[in-house]
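Below, chain A partners chain B and then partners chain C, in two separate complexes.
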Partner chain A sequence: MTFPTADRADIALLLEGTFPYVSGGVSSWVNQIIRAFPEYRFAIVFLGSRREDYGDPKYPLPDNVVHFEAHYLYDDLVSRAEPASRPGNGEAYALIEQMHEHFAPDQPVASALQEFRSVARQMLPGGRLTADDFLYSEASWEMICDHYRRFCTDPSFVDYFWTVRIMHTPLWKLARVAKDLLPVRVLHSVSTGYAGFLGALLHQTRDVPLVLSEHGIYTKERKIDLFKSEWIRDNRNVFQRDPTELSYFRQMWIGFFEWLGRFCYDAADPIVALYEANRLRQVADGAPDGRTQNIPNGIALARFAPLRALRPAEPPPVLCLIGRVVPIKDVKTFIRAMRRVVNRMPAAEGWIAGPEDEDKAYAAECHALVRSLGLENHVRFLGFQKVEDLMPKIGLTILSSISEALPLVILEGYAAGVPTVSTDVGSCRQLVEGLDDADRAIGPSGAIVNIADPQALADAAVALLADGEAWQAASRAGIARVERYYTDRMMFDRYRQVYDGAFARCPEAR
Partner chain B sequence: MAGIGFELRRLLRKNTLIGLVEAYAYAGIIGSGPWVFSIVGILLIGLFSASLVVPSFLVTQFQTSVTYLVAGSLILTGLVQLAFTRFISDRLFEKKREQVLPNLHGLLLIVILAASLLGSLLLFVALPGLGVAYRLLMLAGFVIMCAVWVLTVLLSGMKRYQAIVLLFAGSYALIVVLSLLLRPLGLEGLLGGFVFGNLVLLCGMWLLTVHDFADPGPFLRFDFLRRELAYPTLMAIGFLYNLAVWADKFMFWYFPPTSEPIIGSFRASLIYDLPVFLSYLSIIPGMAVFLVRIETDFVEYYNKFYDAVRGGGSLEFIENMRDEMVYSIQQGLGEIGKIQTLAILTTFVAGPALLDALGISQLYLPLLYVQVIGAGLQVALMAVLNVFFYLDQRRIVLFLCVEFLLLNVLFTAATLWLGAALYGYGFTLAVLLTLASGLVLLSRQLSRLEYETFMLQ
Partner chain C sequence: MLNAKLGLSAALLEINAWSGPLLFESNSDLVLLWYLGGHALASLLLAAFVQALLPPTRTRPRWATLLLLAGFSYAVPIAGFVCVLAGSLLLRFYKLTPAAGSFESLQLPDFDPHLRSQGVFRQAGLRSILNNSQVPMHTRLGAMVALQYVPGRVASPLLRDVLSDPAEDIRLLAYGMLDNQEKRINRAIDDELQQFGQATTDAARLAAAQRLSDLYWELVYQRLALGDLRQYAIDESLRYCEQVLAEHPASAAMILRRGRLRHEQGDYAAAEADYRQAQALGLPATRVLPYLAEARFEQRDFAGASRLVQELSAWNSLPRLRPIVDYWTRA
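On to the complex of A and B.
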């Protein structure tokens, strides 16, 4: 596979674990944005974990992507240099020590960020803080031992040691990426985390404006990741373990990403959230209030509006969950809900439309659950489907997720006249019930239930499907809501303003 | 020598005086077995023969010939001893037992070919004009002894110490008996007994190995020649260490004022050799202590250290285990020091009587004293080298071997030049300085052990 390269571009998109290698909401959004601005030349910096974690690209690159580069943070974690003993730069390590002291909760964030910036500068190629020193030097070893003694509450030193290494080593790789990146006029990162660090570092060294768009909240999603990840060890024995307390290594990861996030918020302007709850969370996590704004996702109405006419007069009794079969979507709750739905509406069917290859073990568990509930004839796994083909055949879109941002599936359903039953996560309540008074006046376009509550999910779905009147009202409200607030035109206009503002601030324009 | 640890711990766990004595006696015999038997055997042959009809110069010729055989074969096989031990233990770690025997045969083939070629060449270069029977016996002895050393290191690697000691004891008893019976045939008779005894030893060891590793499979393999499985540093170490140990002896043999021609171009140093061989007998107690300490205490904490590193122990625990390792090394070296001091004092007291009993002139006494000290220091040096092998610091061991060789050559040359009063000091001083620098390096290495273990591997 060959990728385009260029020697300059207008906008560099910094993408961590999404487009073009991973399909999903964020990737579709990126695809949408790039194609909406054919007048700009985009460069894409893809950051992945390890090369073997990704297959072929899931999306073809749009023509205005003039440059593409991929970097894998956990590949060749250890530098190619033969490990050799070295003392390490004492001054540089004093700087790091000072920075970590400032990270303490009782210290002002501003001074900690100042320390962070000066440390980050030294991590660039040619700086005093080299990756080889971090990996092999005595100074680095002393610091790891010292911090283990002072802070680590988990007994296992080897796990602490490797957590520190695995966590920090990608930063040097990113520093090299930052140094080598082609000249661009605007940076646009689609998350905080490692991509946000790269953006902030580029902003700091090149004085190029950094736009940050957050779909989820990185630290929060990482928290969910970290909660379920088996590989973060917890070595406390039964006496040392306090079940209310996170394993120390999880806390380390969370703290690490929180600081990467602050570093990124400090450099980014504007900081874009999808919806109000997330914007407030960004502010709570350290984003300056004045630089934040909401730009909700939008969809192309023209794609979905014609589908309304294709549906039979009576809504089909089909509940459809459109999404990847992964734990975060809580597909099992949907399957359990289907048991109750089928009990009350024997004609009802549940469809699960999404790829099952991301977490094969979870997908297998879902299939097993369908069998054990005797739902083989009522729940169908369809694999990846085109949304346009599905919409005329279903009566409800279902979201049972335990975490979402602003799910496009709901909006696409609205545009096609399909109401939704969703869990109360992310912006879903806002999408169903409305945000401000004018929005609320449109009426509910579906129903909101609590997470992991199959009974409530089933009852809400049956209430809509069994009552033609209520279903039609919700369908009309959905169409009205999406046309008024969530079209792609509006989103593109808002981003055009964002980009225009950023170009005005780039060094060449001044 | 990890396998010996279990037996020693079993004896020590009895926690009785007898158990303790047993443990040290066992360790002493195991640790110094093969070459103690060779030295004692040669001395005994000399003792029995000299008192009877055989002319004494024939006995000297015999002893010198055997000494050259031992030295030559040890230095030549030094090239493969350590490297092959490592190769075998790697294969056993990979659970590839079936590869042991074919590779042993491969190595034996190469060693025997090399020894035959080199030996045949030396027959013409070093022993021209001597009787065909003598020359052929020398060639056979050289080849057989080379093979014996290869099998000895293999069986040591297999932890078959008891078998090795028993085989050596039996063979050398046979050699003494045969030599006494074959005395009437003169030098060829004595040497014939020696060669035949070694052949029996070789066959015994080979049968033991076949018995242990009888797997159906190819007879010959040369995996140990493969680049990724070979250890050039270990080859260099084995060769240089043996060369270093023998360097001062060779210099005394070929420095005219201290030596005389014995047979062919083989020379010997009457004033130097006997004290040296006697002094090596004094290190038996030191070797015993060394084995007990290193193979029980040190290895125990060594294993705990690496288990804790891999298994998620706390840094404090890891450091404690490191400290315990250091402590057991200190204890071991301290005890070697004490016990060798006792051995040295005993030699000082009993030396004159011993020399009288052996019919050796009192003139040898000062040299014996200084050689006993040197031999004692050599035990400590071997202990230090062994610890470095455990820590897999082959470069440091190589450095120490080079240092030992250079210093031994240099100081021995200086003492030869300065005169008889200083004979023996060259070797002792070389061992002392090598040991001192080894201790400095060991101390540094141990203080950085966790750093190197975590950061540099």
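On to the complex of A and C.
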């Protein structure tokens, strides 16, 4: 597959693990934004883990994407060339030492960021801190040994050594990407993390404005992954272990992503969240309050409004979860809820419409759960489906996620007249019950339940499906809410202001 | 009857006391003494009559009340007599409603254990720290991390409590931990279902059925399945258990399992029959008696529960059961 390349572009979108290779809410949003601004030429920098983790692109590139490049952070970790011994640049390692001392909790964040910036500059090709020095030099070895003795509470040096290497090596790859990127006027990152680090590095070296739009909160999501992960080892024995203390390697990874987040927040302006709780979380994680703002998602009503006429008179007893089959969507809670739904409404069906290739092990678990609950005849895995085809056939959209921001699928359901039952995550309560008094006056457009509570999810769904009047009222409320508050026009107008402001600050405009 | 006699005697004596001065028409000391003596005796009898009429709460201390009533009717001739009678009748038939309390109701002060210095979380401490959203986040996260080392049966309800916590980090971590526990069992169930389906010999099929019964029971025991799912897990465990018992009707362990499952279903009579049978087949009393006692307790037969626990105390039971044995066998 060939991708476009160009000499220059207006906006570089920095995308980590999303559009165009992964389908989902963030990818749809990116697609929307690119197509909404045909007057700008976009460059896309896709950052992934390994090439083999992604299939073919899920979205065709819009015509105004003039440049596309993909980089895989964990491919080619091992050098093909024979490594040679080297002493390493003492001054560069003194800088790193100084930076780590400023990372201590009692030191001011501003001075730590200043040190971080100077180290990051040295990581660029031509700088004093090279990847080969990090991997093979004596100075690097000395520093790793010294930090292990002073800080590490896990007895395994081997694990510590490899954790340090694997954690930091992708940063040099990103420094190379930053150096080689085509000239652009504005940078737009859709997360902190590695993409945010790249954005901040580019902002620092080229003085180009960096816009940050966060759907979920990257640092928080990584933190939860790290708490849960089974691959991070804890080698402490029963005498060394404090049961209230997280294993040292988990703490290292969490600290790493927290500092990447702060580095990005420090460089970005504006910092956009989808709703207030996420904005406050960004501020708590180090984003300067004055640079933050909320821009809610919106959808194209014209795409979904005609579907209302296709609905049957009675709500179909079909509960549909539209989304990727991944742990964060907690598909298993939906399957468990279906056990209770089917006990109460034997004709009910549960549909899971979304790709299963992103986390195959999890998808296998979901299939196994369907079998172990005896739901083979009631739960169907449909794979990726066109939302427009599904909407007239379903009675409810179900969102059982454990974490969300402002899910487009709820809004799409509303626009097609389909109410929702959702978990109380992200801005879902605001989408179902309303935000302010005027919004609440519209009435509930579905129901909200706690996370991981299949009983409550099933009861709420059955209550809506079994009561035609309540279902119609929720459907009307959903249509009214999406038409009044969540159209793509509103979102595009806000982003037009964001881009106009950024272009006015770019070096060429000054 | 005695009361009526006392009252009648008091009235007659009083009339008798007054009759002296009226009959003898004399002002001699003897007449006065006649009157005072008769009046005193009449007052005393009246006091005794009235005291018996009044509710006991109003006549304590008894001797002082008796003397007061007698003294009053003695010191105020006629009127005192009438008033004591009228007052006692009033007290007997008119019950005062208690005056409205002037105290305001107050909340008990909250016990906030994180403010006390403590190095380790005991189980109760862990629960209060997890449920208190005012406790600093790192302390709560520490409590969550410590839960990894707590048995699943204890940890699951604690984790489920914090699933609706306002802090998303806590919520998600609790979810992840519960999910990991459940995942392990469900993965094993799926493997065993395949083994069961592909088994070519009866022995392999039965071994798989026994493991499936164990695994579904584990979901119930670890409190990982709730509501309909719990019911489903119980039904499945019972179904596979029955399959094993059909082939091996004398398997004490499986009969005990069937008893536990029927117990969970609320079928106590059948559960007890299984427990008894398991014991008869050789299971030690210390494994069976606690369940029998629990079944009795749940049927509100406390005497039966106590008797069974007493029986248990004769055995060297598990140290964890010691406090329960002590409680139920206390004289």
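Going forward, the second predicted complex is superposed on the first by the 498 of 510 C-alpha atoms of A that agree within 3 Å, B and C clash if a C-alpha of one lies under 4 Å from a C-alpha of the other, contacts with A are read in each partner's own complex, and residues count from 1 in each chain.
Just so it is clear, a residue touches a chain if its C-beta (ideal position, glycine included) is under 8 Å from a C-beta of that chain, and two chains touch if they have at least 3 such contacts.
This is a predicted model, so every value here is computed, not measured.
After superposition onto chain A, the modelled positions of chain B and chain C are compatible, with room for both.
With both structures placed on the common chain, the touch criterion links A:138 to chain B but leaves chain C unconnected. Residue contacts after overlaying the shared chain place A:397 against neither chain B nor chain C.
Applying the stated contact rule after C-alpha superposition, one finds that A:148 touches chain B and leaves chain C untouched.
Between chain B and chain C, C touches the greater number of residues of chain A. After superposition on chain A, the vertex angle at the CA centre of chain A, spanning the CA centres of chain B and chain C, is 100 degrees to the nearest 10. Residue contacts after overlaying the shared chain place A:343 against chain C, while chain B stays out of touching range. Once the two complexes are laid over each other on the shared chain, residue contacts for A:450 go to chain C alone; chain B is not touched. Of the two partner chains placed by the overlay, only chain B lies in contact with A:156; chain C stays clear of it. Here the smallest spacing between CA atoms of chain B and those of chain C, following superposition, is 22 Å. Overlap of the chain B and chain C interfaces on chain A comprises no residues. Considering their complex, residues 83-85, 135-138, 140-141, 145, 148-149, 155-159, 161, 233, 235 of chain A touch chain B.
Those residues of chain C lying in contact with chain A across their complex are 120-121, 141-143, 145-146, 148-149, 160, 163-164, 168-169, 171-173, 175-180, 183, 186-187, 189-190, 193, 226-229, 232. Put simply, chain A touches chain C in their complex at residues 220, 223-224, 227-228, 230, 243-246, 327, 330, 332, 336, 339-340, 343, 365, 368-369, 371-374, 402-403, 424-425, 450-455, 458. Every residue of chain B that touches chain A in the complex is listed here, in rising order: 309-315, 318, 448, 450-452, 454-457.
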